[in-house]
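After this come two complexes, each holding chain A, first together with chain B and then together with chain C.
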Partner chain A sequence: MRLNPGTTATARHLWAIVGLCVVVLAAAFAIRSEYDEGVLVLVLLWATLSVAWNLLSGYSGLFSFGHAAFWGLGAYTVALGLVNFGLTPWLGIPLAAVVGGCAGALIGYPTFRLRGHYFALAMLAYPLAMLYVFEWLGYQEVPLPMERTAPILYMQFDDKRAYVVLALALLVAALLVSLWVETTRFGRALMAIKQNEPAAEAAGIDTWRWKMRAIVLSGALAAMAGGLYAVVLLVVTPDSVFGMLVSSQPLILSLFGGIGSLWGPVIGATVLVPLAEVLNAQLGDKIPGIQGVVYGVAIIAIILWAPEGVYWRVREKVTRSGLAGSEPRPRSAPVMALPQPRSGQGDLLVLRGVGISFGGLRALDDVGLSVQDGSLHGIIGPNGAGKTTLFNVINGFLRPQSGSIAFAGTSLLGLMPNRVCRCGIGRTFQVVRAFARMTVVENVIVGAYIGARDDRVAEQMALAALDRVGIADRADSMAGGLTTRELRLMELARALVPQPRLLLLDETLAGLGHEDLDSILSVIRRLRDEGMTVLIIEHTMQAMVRLVDRFTVLDHGRVIASGAPAEVVRDRRVIEAYLGRRWTDRVSETAAGDI
Partner chain B sequence: MPFSLLDFMQALAAGIMVGGAYALMCIGLGIIFGAMRVVNFAQGDFMMLGMYVAFYLTTGFGVLAFLGPYAGPIVGAFLAGPAVFAIGWVLHRFLVSRVTGTGVTQAEGAGGYAQILVTLGLALIFQNGGLILFGSAPTGIRTPLSRASFEIGSVLLNEAKAVSFVVAVVLVAAVYLFLTHTRHGKGLRAAADNSTAAIYMGIDVDRAHRIAWSLGVGITAVAGGLLASTQSFQPYVGFDFVIVMYAGVVLGGLGSILGAFWGGLLIGIVQQLSTLVLPYQLQNTAIFVVFLLIVFLRPQGLFGRLSERT
Partner chain C sequence: MKTALVAALGTAISTVALGLVPALAQTPAQPAKDVKVALIAPLSGPWARQGQLMQMGADMAIDEINQKGGIKALGGAKMKLVVADAGDTTEKAKNAAERLLSQEPDLIGGTGAWLSSFTLAVTEVTERAQLPWLTLSYSDAITDRGFKYVFQTSPTADHMAREMIPTVIKLAESAGAKRPQTMGIVMDNTAANVSYVKPMHEGWLDQYGLKLVVDQVYTPPLSDATPLIQKVRSARPDFLLLLSSNVPDDKMLLEKLDEFGLGTRKLPTIGSGTHMGTPELLKVTDAEMLEGLLTGASDWGLKGQEDIIARFRQRTGEPWINQDSITAYGDMWILKEAVERVGAADRVKIGDELHKIDITEGPAAVAYPGPVKFDDKGRRVDAPLIIVQWQKGQAVSVFPTDRALAKAFWPAQ
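Then we have the complex of A and B:
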């Protein structure tokens, strides 16, 4: 595990973790009552679960409503291991990590096919199903036996402060893993998935693999915390480890503290867990239920004040008051040159007989297309002609029902978009798919991970690509604040950075004014002159005629014309597709009159 | 076969009967989810409120005692609707609308997280507030119907369940007519289908959301009121039904009202049929398995449609 050295943010976080250890240990020794020590252990354990949850759901945006599955499996691994096999928790907790990691893989494998609400709801079902299964298996209540002969060998301490140290160790481990994720390409990949999964996939990120890694890590950490929870509580019941309350706990704590941040989950646990415990102790016996009501009201009140969580709210306030103004990063000037693609002769991309239909709609019908190496090839056609569908078929978002697609001699059929990207095909989108909450250079770095082994090289490549399209000066701006022209160029840079041989540009010129149009046209021309092959979609003829070497015209999913721009614009079928039959009739009448 | 045909018919009949109430509560959730895209964790607790409203109107305070033991529980269940509708209206007006709707960025920022926390907070408040107000002892509405049965062939039908089934189906039809034939209903469906387009067509989407939310919790409360005379309950009962509701709604297809009806009905049948081959404790596990299968094999549900544009 290698943390990005030298970056001040990482160093700050590491010092904060050291600070956390000092504070917790000092608190453990200052506290006199066993009850308070117990609360402290709970804070640390729930914080660990929340950090684990955040590692998956906070960074990738895939909400898990079912982390109790991992917590519970960890608890039962430790408890049943001790009861049935005399396995000490010292080994049981690492074993729980293995079980949790495997469960993560088994759950993630099918469930990652789902997106958004479906993913969240499916995750809800796993722990509840396990709850009933464990009840049915007869594990309604599993007490951990006291080992009087060698208590320490079985993680049983008279001095409860030992549990504080153990729980702190788990939390620190979770934080370090989380920090490692956050500062490496792992975290960037997850954040890219959160902000725009198709764009991440098209930029060459193997989204499925990163998600699987995240859930395995997250499951392992959550299961370890669950295992220690069993040791501390000395009894495990299905409700207490698989219940809805366990699943909602990391959600509440992370959302409250600040989702997608390293410290948010810790803040949430530090505030809310003691609050709940104190309410329970003070009010619980007088009016049962009142603690839950107060807790619920507190959560709602704070979320109305800080919908994005305490951490982000406070950070925003601090940054705004200028206490911690972000210093502009000094940029190492030497921008490395990207190697140019060699252009050869012959066809780089060949489509034959490609067809796909949605329900009854034939979106592409027997489409054939040859894109010459080093050429600038335009696809035009009216709305709904199937242009974007054609791109989606080429770059792997859609799988054609018939036909073949060959790129530089190899078939692309059945490849995931990230694989297609790795083959050397970059693409942009009709509606710009930016990662709005990342800086421009971070947006582009996402595309650089294919070629670069090292994160530093990736950054250099990203800067080079930005320089190539002419917006290097915007590298540190947030993508959300760019103009349309800059967004288009940024997306272009992201597609360029893996050094593709073929670029697919989907209506890159749409919605641009005259000057912006010219500046982008000149960038595209320069790319072609440098040897890049470009396939570009447009529906405005005018801009295209000036730009491309060859045209292919699509209408109703069929290729109706193909050839040099001058020929194509005079093609009768093309005019008909664009302007209607009546127009062609009139044109031919005038033509006849001329003769 | 470990069970006879009669057992099968009996379980099927029981499934259909309980499925009626499930279908009704699924429609309630389906309206909210379809229109607002909000995962409402408190939905089960609104149902619990419906149960207690019906309980206090009939057995508890006996306001409806004059209607007799037969009509009383049904009228009580119906009245749970407007009562919870009003609670929902107020909650949406002052709380839910602040974290949902057109004014809140749904895509990525704060909106989605805040909604989840607010409904989780509401669930906590309802469950524990219920504990304070109603106590923790399980209770239920007693009607002579609970112990009487119709006999069709050799299949026994519990009269209370049969009556609640009929009432549920009638109410489902009424809701369906409301959504398809009234101005508010059509606006609500338009807002659910494409809220941006609906705004451009002059529909007050925020108002449509308020109607959807209140109607959704109200309908689910009626379903709770009907179940109150066929089973015992306590303030924490809502959790058990959250998964039933989501399973039914997903099974039918998110956003489809008819789908929610059939989804709820099917979940009831699956739950009862599973008792033939599985031990009692695994009844709900069967629902989860069906739920997961549906989600994986046909995520758009039985009546839903998939549409995504790149």
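Then we have the complex of A and C:
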């Protein structure tokens, strides 16, 4: 067994965090001016917010334009707690974390129904709404009172370095949480969501739950930083904590530094926050307003040089010069216990009267289907017949409007895809849904989290699955660099790794050359021989006739024929559906068997 | 005992020696060290214009002080203005203050930062550094924090609000109009305006027999004034408080009033804040539409300031002097006066002196209405509300009558 690659990387990151602490503390004690210390505190606070933002948006790809909501709630929790209840920020900041976490849950619950741009836009609305609410409540300006008797009890220090230490503590906390997320299944789940949410869901990842956890954590961290910001700034106004500038700050800093990486947000804050401040100081009183222009130009220039952010660009340069030529090592796959072949008795999957419409289109109409345990069952039909819709109904992407679906005797109706997956149904997609920026083995591990409690076990299961489909040697390659055949096999491995009883293969054979086709066919046959039940979609009949035990033919959402391959291909309705009425007539004239 | 004797003897001898050669000890070629004062104001962003107006006033005062021989108590030391941009956020304003204090450790005082939330943040820094800070910001909170080195030259928002209503009633009666019975409020929800109307919402209007018949709040920037003004038209108050906070909103509201036949000649309209008296407002509307519009301020061109106004107009090309410029001008003179009295560029002593100061003559005394004297909280004693009115395309002071440059008229027919 090789070492888990995560362990050394984690250790490196931990050392880097220690290094960060040393550098920041050294800087705090080296600089003599309160102003510079103040800027250092701001760097650390904005870095914390950016790390918190990255935890949700960087890893999961769900862009939040609204992290000011958490920041502002944190700031107001601390400020109002102190003003109204005399609550010291020492307790106010932890309370802010709780408020931020709850706000994350409340915001995430409705907003995660939305995807992509819609999610981003909805997030934009929260801080803006809060801004008006706090104005309406009369909290336009909340100054934090100066505590003269026991300042330290109220987190008020004469020595600004105390704030540096506090802000550093928050940043380290955010980095540690982030690192924990990145190196566990939490992070892999988020990355899978980022690259392909439906695929993640179909692979058994409970995407909604992981996203909720991420936003709660992210909100709590952002709110803590906002709370300390209030202590440092001493005056809280809705604009200064809920404003657009606050929401855009973590976005700009993370994009600049390198999105989806632990250190990107820190790099962004370290460069841009002091840069903006220096520009304000140097140019603000001479040519007012020019600082904004210079700042913008600087960001554009660096983004042109490093479109994915400084971190990724530098890493790319370093790995290219330092590790050039180091090919991914082939790994030996552990032997995996194969599932016991089951006797092909009875029906594993039974659909009755399933129907679904999209507007006026009847995509599935009264579809009945029985898939025998241990059989290789093919679904064929021309384009638009409803084949993929049928799969989507079975694995929970779509909910049928009528009918029933039973798997091994239990109903699947109303289950989320990840639950269906947990019942023992794996699937692949017509267009391969790979996580391109993850390695092959990582792609497959994503599927293993259902069965495996432990991340190491998950990795072993993934390697075994890769071995089973015959591409264990590609385990460490990036998924983006695979051939079509390898991608299909990788996806197959991902579907296999939770050891399902039923596999749904959606046009796994499409677009393959002869040799590739044969190699995949042999894999599928072997799976069936090992006891797996396979339901496969194709629209080319040729390959299917050689492969399957039983056919079901769909046309315009209806089952038009079902039976053994040899019977089905002679069926008049099937020929008509594929080739049109004229062909049916000719076929019946010649009574020919072959098509 | 012995050492003390030697030291005393030494001191005596050196004193005598120095007394003999005073000319050598203070060579005329070596100029006295500059006395540095600060201005923190928004010079970029949405409030940049106000910051520029402040800088114009402060620059003029500094030039005059230096032309007249600088600070006499310090051997003619020159006064020097250091400027920092407060930008458009509280964070930037506070950073500007911290930066100034780091880079200019020998500052003796300053003024700023225009917007009250900026001032709140800036004074948190200056107070800790014991730097005397003057401000024209209205917010009561600024001088409610028990700070020792913050001095508010404007009447506070609360005070201005309480002054405004009786003054308006007096104005109407003295103009021969009937005493107003009803009033309306159209306002945005910015900090200054919210605290301005707070007492009015708490039953304070009853003592004047006034009824609030329309009360509308919007969030700036305003996109459409129609629904607001429709409400005003149906309620028909005797006068209207129009509390916006920027020129574009002013324009939209005034044009809509005009369009609904509620122009300032029909419905007396009272604004608040200096933006309602800026030349920019005239540029985007017209003199006829503005005629009679009233607004409140803490300072404006007044009787006794004629020379200052003339010099200011000549220097800057501005058509008249407003609160921001005249206050910044006066603040520089107050600081100068304090340094003269203390006789040292020592910020703590200057701060203490400002609590005792009572300036009755010179530019500092002329620059403000009312005495130049601060109470324990740092508020200027008896600072009155100034009312400004648009008359023939000029925003002129009309109240208090003893210092106002023009006579007010009540616009209602």
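The working rule: the second predicted complex is superposed on the first by the 563 of 595 C-alpha atoms of A that agree within 3 Å, B and C clash if a C-alpha of one lies under 4 Å from a C-alpha of the other, contacts with A are read in each partner's own complex, and residues count from 1 in each chain.
The rule is short, and it goes like this: a contact is a pair of C-beta atoms (placed from the backbone, for glycine too) under 8 Å apart; a residue touches a chain by one contact, two chains touch by 3 or more.
Because the structure is predicted, anything quoted here is derived from the model rather than measured.
S.K.: Tell me the contact category for A:T237 with respect to chain B and chain C: first, second, both or neither.
M.R.: A:T237 contacts chain C only, not chain B.
S.K.: After lining up the shared chain so the two structures overlap, which partner does A:A281 touch, if you call chain B first and chain C second: first, second, both or neither?
M.R.: Second partner only.
S.K.: Using the superposition on chain A described above, determine whether A:R437 touches chain B (first), chain C (second), both, or neither.
M.R.: first
S.K.: Based on the superposed arrangement, let me know which partner A:P145 touches: chain B (first), chain C (second), both, or neither?
M.R.: second
S.K.: Tell me the contact category for A:K194 with respect to chain B and chain C: first, second, both or neither.
M.R.: In the superposition, A:K194 contacts chain B only.
S.K.: Does chain B (first) or chain C (second) touch A:D36, or do both, or does neither?
M.R.: After superposition on chain A, A:D36 lies in contact with chain C alone.
S.K.: With the two complexes superposed on chain A, say which partner A:E135 touches: chain B (first), chain C (second), both, or neither.
M.R.: both
S.K.: Name the contact category of A:L121: first (chain B only), second (chain C only), both, or neither.
M.R.: It touches chain B, and chain C stays clear.
S.K.: Once the structures are superposed on A, label A:I394 by its partner contacts, choosing first (chain B), second (chain C), both or neither.
M.R.: After superposition on chain A, A:I394 lies in contact with neither partner.
S.K.: In the superposed arrangement, does chain B or chain C reach more residues of chain A?
M.R.: Touching more of chain A: B.
S.K.: For chain A, give the residues common to its interface with chain B and its interface with chain C.
M.R.: Looking at chain A, the two contact sets intersect at 132, 135-136, 288-289, 291-292.
S.K.: Taking the complex as given, what residues does chain C use to touch chain A?
M.R.: The touching residues are 43-45, 48, 51, 83-85, 87, 89-92, 94-96, 98-99, 101-103, 116-117, 120-121, 124, 127-128, 139, 141, 145-147, 189-191, 194-195, 219.
S.K.: Which stretch or stretches of chain A touch chain B in the complex?
M.R.: 61, 63, 110, 113-114, 117-118, 120-122, 124-126, 128-129, 132-133, 135-136, 194-195, 198, 244, 248, 251-252, 255-256, 259, 287-293, 295-297, 299-300, 303-304, 307-309, 388, 392, 397, 429-430, 436-437
S.K.: Would you pull the chain A residues touching chain C in the complex into a rising list?
M.R.: For chain A paired with chain C, touching residues are 33-36, 38-39, 42, 132, 135-136, 138, 140-141, 143, 145-146, 148, 158, 233-235, 237, 239-240, 243, 245, 277, 280-281, 284-285, 288-289, 291-292.
S.K.: Tell me, which parts of chain B touch chain A in their complex?
M.R.: 33, 37, 39, 41, 95, 98-99, 108-111, 113-114, 116-118, 120-125, 127-132, 136, 235, 239, 242-243, 246-247, 250, 254, 279, 281-285, 288-289, 291-292, 295-296, 299, 310
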